[in-house]
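Working notes for the structure below.
All chains are identified by letter, namely A, B, C, D, E and F, in their written order; residue positions are counted from 1 within each chain.
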């Protein structure tokens, strides 16, 4: 009805709404998101030394991200439930930040994209890193949580800068 | 046992664990967290024009943040459940970003702090903004999610830079 | 086995059971439900004046209804999980009640109907109205929560009186 | 600040908010709510004959109500989580309706009342009755869900008409 | 890559991961699991006499098992969400144990099996029996929770000893 | 009313009910539960070799158990919600089974015991082991899930055989 861009979650009267996806095609959809937790170099060293021995900060954050992806539709009010065929979360140290870089990729065969699932996985993995290291570094900061790439669906392939 | 800083979520053998809070004092605890969603100026204008009429992007994101705070312990593996006495989420536009700034404050009377609840509220509110505006701006970025201030508990008052 | 009407959720021995839907056709299914919150005229005026400015009682109740629809199978013991393709909740004032009328429509492509999702959305939206206005009017009453119309599936189109 | 009645869930600017209960007294609080499912006389007879043998429609609805009460704060956006010390749900037939009358009583020792928990228990028990009997009577109607009585807290004892 | 047996939930570097099921066929899948609660003969008699009258221990445990099956993917970190077309839980007394034998069968049409859903239903039904009878017999023991049979999917039919 | 043992979850008429704990003392309560996953020796060797490198089967199962303990009241219908002050899950190999032994200890300061939380943590940790190793050994069996010890509350200290 309008020719310019508009917010698909707002109906004609401006009220928030779930978009109707019943007529969208079921296609294979993938989304990749990324984010980072910036911290003091000493904090990163502590996490990695722990990790070298037991892998627990990174391992726990990975699992928290995977589990959160499955519950995205409970957290994001207008998000559709989807059956995810894969969620993968990778966490790598980056001495330059210094900190940890979190990357999630999510795949489904469905009628809506999985951007929110990938972004939720990244966010919750970052929050879990914060939780597990906050006793030594309350000033950690979660940064640059964003979509990196998506494919499938009407809008086709998209890649961030 | 160790004299230097250590990760309280890792036990002596390095395995992830919930910290035992049974012997901590029940005190009034407050935490304030903040974060932002950076977007194109046109996206912000669209959200605000929608907001001027119906308030739905911002209103929906506020509620999502409040509701997520109550479920923090389900998302963050080693986080204790708490009875929150207040959760408030404020979202303000910032033309300089351009984007929206999200601030959450959480209060409880309990044995552990509410930093994670405040950070979770901010993260999920930001994710909800992304969800509701992603159709016009997939390149939005969630930035600077961090603790601003906390009080209560053994560690007393803490304020970020 | 019996020729008269029977309760499909009770098996031959009378124990509660999920109906097996594996052999039902996947069809497009829609259900519309309605209900109302009756209140004092002054309460309605307060809600609407708030609504005229910020829309929050009605906006919050709409979102609560949408989010609850997605969790219907967690609440109703023998209800199947479904992927909903659309949930819409509309809330209109009715001076004659006086009160608010809540209408939910839910759509899916699946093997079971979405009556329960629509009725759950209406019920939780009504409960949320109650919660947000109870400080001024504890005597509010939720009334006439019922199915209005359904289509799709073996039983075809059905319309209430 | 205002002298007349106001909606405590709306802040000064009209935005939805959790009320801060940190300074409320911890008192013993009880709430009793009631509601009904009106149905055809034949449907009630079917449920009761099933009930005479196995009790499953009524038993299932009772459990669904009890379990839902514990999750009220997940469903109602601005509701505080509480530790409930008791939830009881009773369901009685009423030939005059004809239908089932559902009554829930909830008890806690806490800083906020349990009206919403009692009303949620009633609503979900009624929805469960609908779910289990809908195959024989789609026209059932949930009616008169309301607070009957509450005690505890600053507002003291309250009783509905 | 390796020719011997390996753990599909661990990737090449050993980190825990959801298996990608996107390329698996959608087939009709069934799983049957079983388990038992061993108890004192007096406890079993009490449950059964209660059961003769109202069926509540067994009825409650059956419902808890059915409801838990629907939430398996929330509990088991790397488990995929699935739309279950049927969950049935049967509980029978066994004087020889003495105790109760719990059997769950779960059916879906999907890309992964439902073993975990059947095993989760059995486990939670057993835990519920324990909860409801623990006041008279704290020494009860949950035993022999195992998969009995599965069909569908690439691995075809499997039957336990 | 009766002088012999009775099931506290059944009221006078035999219907299932949450026990009213409002008048119980708030005391420090601890419960320890244990269980085992029996498997083929080769399966245990695979898990442990994986564990030697990355710890993921055991680490994932530990986290799943901890997270499940926090949600016990959602799974067990008549269980009260509690604020847990500590949940610890330990998993040790046992060559004699052969298999893994899971032990959970849970602590709270509250009005009801935490037996169900400890037993739920053990059960879900065992289920997670099954999930992660089922591709190589479908015949694994979860055994001997039982309470080992409890303290606190009116019934005082209890220790299993």
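Brief remarks follow.
The rule is short, and it goes like this: contacts are C-beta pairs under 8 Å (C-beta built on N, C-alpha and C of every residue); 3 or more make two chains touch, one makes a residue touch a chain.
All of these numbers come straight from a predicted model, not from anything done at the bench.
Shared contact partners of subunit A and subunit E, listed by label: C, F. The greatest centre-to-centre distance from subunit D, using averaged C-alpha positions, is reached by A. When the contact pairs of A-F are matched by residue number against A-E, D-F or D-E, over half are shared only with D-E.
The centroid of the Cα atoms in subunit B and the matching centroid in subunit C are 31 Å apart. Between the Cα centres of subunit E and subunit F there is a gap of 16 Å.
Look at where the CA atoms of subunit C average out and do the same for subunit F: the two points lie 37 Å apart. The set of subunit F residues that touch two or more partner chains comprises 15-16, 54, 56, 59-60, 63, 67, 71, 74, 77-78, 81, 83. All chain pairs that touch, listed by label, are A-B, A-C, A-E, A-F, B-C, B-D, B-F, C-D, C-E, D-E, D-F, E-F. Against subunit E, the residues of subunit A that register as touching in their complex are 28, 55, 59, 62-63, 66-67, 70-71, 81, 83-88, 107-109. Residues 11, 15-22, 73-74, 77-78, 80-83, 110-111 of subunit C are the ones touching subunit E in the complex. By the touch criterion stated above, subunit E contacts subunit D in their complex at residues 54-56, 59-60, 63, 67.
Taken in their complex, subunit A has these residues touching subunit B: 5-10, 13-16, 35, 42, 46-47, 50, 53-54, 56-57, 59-60, 63-64, 67-68, 71, 74-79, 115-116, 119-120, 123-124, 126-128, 130-136, 138-147, 150, 158, 160-161.
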